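Same chain, two partners: subunit A is paired with subunit B first, then with subunit C.
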Partner chain A sequence: MVRTYFLLAWTWTRAAAAYRASFILMLVFGLATGAMDVAAILVVFANTDALAGFTREEVLFLYGTASLAFTVCDTFVSNLDRISQHIKAGTLDTFLIRPVPAWIQIAADRFVPTRIGRVVQAVAVLAYAVAALGLDWRRAWMIPVMIVTGIVIFAALWTLAGALQFALTDAPEVANSFTYGTYQLNQYPLSIYARDLVRGITYALPLAFVNWQPGLYVLGRDDPFGTPGFMRFLGPAAALVLALAAAAAWRQGIRHYRSTGS
Partner chain B sequence: MFGILRAYVLIALWQARPGLAGYDVTDAVTYCFVTQAFIGPMMLFGGGLPLPERIRSGDIALDLVRPASLQLWTLAEDLGRAAYLFLVRGIPPLLLGAVLFGVTAPTSPTRWAGVLAGLLIGVLISFGWRYLVALSVCWLADDRGVAVLSLVLTTFFSGMMLPLHLFPGLLGELVRALPWASMVQAPADLYLGKAPVGQTLALQAFWAATLFALGLLATRLVRHKVVIQGG
Partner chain C sequence: MIELLQAGRSFKVKRTVVHAVRDLSFSVPAGEFVGYLGPNGAGKSTTIKMLCGILTPTSGSVRVAGLDPSRRRTTLARRIGVVFGQRTTLWWDLPLQDSFELIRHLYKVDRGTFRARLTELTETLDLGAFLRTPVRQLSLGQRMRGDLAAALLHAPDILVLDEPTIGLDVVSKASIRAFLQRQNAERGTTVLLTTHDLGDIERLCRRIMLIDHGRLTFDGTLAELMATAPEQTTIEDVVTRLYTGGQ
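Up next is the complex of A and B:
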């Protein structure tokens, strides 16, 4: 299955490379879109030393972890949100009759390799933040764990959003506000948000586990909202529950798909 | 949704530094939701024009033989779209912001007149820019690369991400003079009453005229250059 995925991805890469000038521009400016968020953080911290009690390096650390998880998913599974177009046009039928799982095919649909530039950028920011913070290595083991957790959570969100399109048919914005919204949310320390909002994204949808809860552990800080210490380690469990829910929803969606078109 | 997140970032910043850039917390929140209302009418994330698709499919040939200016024709369509999106995508975020956080509104009718004028010129500037971006497809044959460039320039240098007053030193001076500032920052400042009306409108008008002239030039070049695709 992984092999099929990369075969499809390679096909789309060659298709995108046919427009050479655009391909190179995409690569360069893909980096620029990522740099824009970092620039925003730097501009904010040109005006203040601390935002809701967090320093510039701490915010860059939270940004870097969220960003790495997000950009990996953005590169490899984000094309799932194109499913709404396929449902509307009836072209999903072709995906379903091929001997490869539809999820794999749609995740690789119109794959653009240039997004990998953003992954590199996220790694660079994270590396800078980790170096600048001088983290305690007895706590830093959490960093890879939280990134994998983040990737699973984002992939599950994209799958959920895709599954939702079977019911909504033409509302990719809904999907975007799930995934991009979560990413935006996790770029800054959650302590800047209202208590009820943070409660919602901790207990109802486990978005706070992408980087906030484990991040607090790595940074050795207490939660400003006062959640107990064991919550810092619940990330993988929360991600697993969300992934199972997403898989179930996807299956339901495929099962209830009714083709359109003439 | 995104407006709300942005509002929280600005609130946190203004709580750490009250009175920054001459705004108080309410001004900052208002700024956030006013600029959010601009996204639809000004298509700040790019697109909105049918041109790239028509150039790629070859339909542009039909548009070029029509006895009407391609630029004005597209502008007319775009203004209609902007007016519609102003109603359906512009008003709701402002109301949402007012309910959730509380926003200020201009009190005097003259200030409202300034805001509306600024908004209209802002839409014209946004059209001028997107028109140039769309025509670039004639030379590049694919619009995705330029679209990303345009997205970066527009969201960052217009004041959409953060008010341009926060940009430090020389960079700040530069970005406030560029055309993108005239799209978002200028009308938003007119709304908040933080900018001299005459001067702001004059700078906006200058950019609108410049971009329109460039558009005219590009249209002329395209007439000679265009490659009709398809069969």
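Up next is the complex of A and C:
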């Protein structure tokens, strides 16, 4: 499966390299957008020392972990939310006649290697934050766990967004708000948002488990919203539940695919 | 090889239910060459898509090579070759050769078998001149031959073709017909093809099935088809009569 994915991704890379100018532009734009996100955080801290009780390094740590999980998914599976184009054009048919799960083929479809630039940037921010924070190393084991959890959660959200498009072929933007919208939320400590919103993204969509809950543990802090301590460790379970739901939704979507005329 | 039992597929279009295919039953034994005819919108493509598992039937059952296509789609894919005349399954920006190489991996064809198979297909479909050309630059006839080769690289038992000769000139048509005939005769590949070109039917198909409004209206040999309207002399006239309901 993984081999097949990378084979397809490599094929698209070669296809993309056929258009060199656009390849280079994409790389530059990708890095510029990531840099803007970091700049926004730095601008906030140029005017204040703490954001909802979090220091600059702590915010960068939260940003770095969410950003790493997100950019990995954005690089490798974000094409799932473009499935409505394939549904409308009827080109999904060609994925379905091959002996490889459609999910893998669509995730790898039009793979753009230039997005890896943003993953590198997320790693750099996270490395800086970890180095500057002077973390308690007995708690650092949570960092890889939360990154993997985050990747699973975002990948599941993208799968849900894709599955939703079998029903809402004409509204891919609705699905986008799931993925890109939620990532925007995760860039800052959730304590800057209203309590009801945070409840929603903790219990309904388990976004708080991408970086917020496990991040509080790593930083050795209590939740300003007062959630109990065991919730810091629920991330993997929440990710698993979401992934199973997403897989079921995807299968339903494929089963209800209607194809196009002729 | 192919078995349909009262298979049906309906679609909801703005609150009304449209039956693209209804109560369709037929079976195709191994090694047969079947032409699947019908006017536009009769349900040909819907049937084909149910055979390869793209569409899930809303009623009845479909079995291909002993499998339920919609549930075992990826397993079935190894045993079936599919060609859509209206749309390519090749990678648009890649040279034909690279598409084939990718298909080799997707279908897990070992290198030796693949090479022998590709040499054979390159020869019989005359692909040599454009193996290194990106698919987007191929002419329709070349692309179609490329698509055929792609569908046959994994040596499937069943070949399903949806309008494989659409838009092709006489020479391209003739070469594709000759190739399909050879595949069927020499390898025993079961072939089911839809077409609007009655020349395909006359030259290739030992058995003809006709579908209209989602139902099977004729199933038999060419001679039997001609006998349904003894006063007509050409296959065009006979088929026109059947399509228009005996007018």
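Here are a few things to note about the model shown:
Keep in mind that, in the parts below, the second predicted complex is superposed on the first by the 260 of 262 C-alpha atoms of A that agree within 3 Å, B and C clash if a C-alpha of one lies under 4 Å from a C-alpha of the other, contacts with A are read in each partner's own complex, and residues count from 1 in each chain.
The rule is short, and it goes like this: a contact is a pair of C-beta atoms (placed from the backbone, for glycine too) under 8 Å apart; a residue touches a chain by one contact, two chains touch by 3 or more.
Quantities reported herein were computed from a predicted structural model and do not represent experimental measurements.
In the superposition on chain A, contact is made by A:Ala15 with subunit C only, not with subunit B. After overlaying the two complexes on the shared chain, residue contacts for A:Gly90 are found with subunit C alone; subunit B is out of touch. Touch counts on subunit A: comparing subunit C and subunit B, the chain ahead is B.
By the touch criterion stated above, A:Gln252 is placed in contact with neither subunit B nor subunit C. Contact with subunit C, but none with subunit B, is seen for A:Arg98 once the two complexes are overlaid on the shared chain. Legend: residue contacts after superposition of the two complexes on their common chain; A:Phe29 is shown touching subunit B, with no touch to subunit C. Shared-chain residue A:Thr169: touches no atom of subunit B or subunit C. When the shared chain is aligned, subunit C comes close enough to touch A:Leu7, but subunit B does not.
In the superposition on chain A, the residues of subunit A contacted by subunit B and by subunit C do not overlap at all.
Contact residues on subunit A toward subunit B in their complex (touch as defined above): 19, 21-26, 29-30, 32-33, 36, 39-40, 43-44, 46-52, 177, 180-181, 184-185, 188, 192-194. Residues of subunit A that touch subunit C in their complex: 4, 7-8, 11, 14-15, 18, 90-91, 93-94, 96-101, 255-259, 261-262.
By the touch rule above, subunit C contacts subunit A in their complex via residues 11, 41, 45, 49, 52-56, 70, 73-75, 77-78, 80, 82, 84, 86-89, 91-94, 98, 102, 105-108, 134, 162-163.
Those residues of subunit B lying in contact with subunit A across their complex are 1-2, 5, 8-9, 11-13, 15-17, 20, 140-146, 148-149, 151-152, 155-156, 161-162, 166-168.
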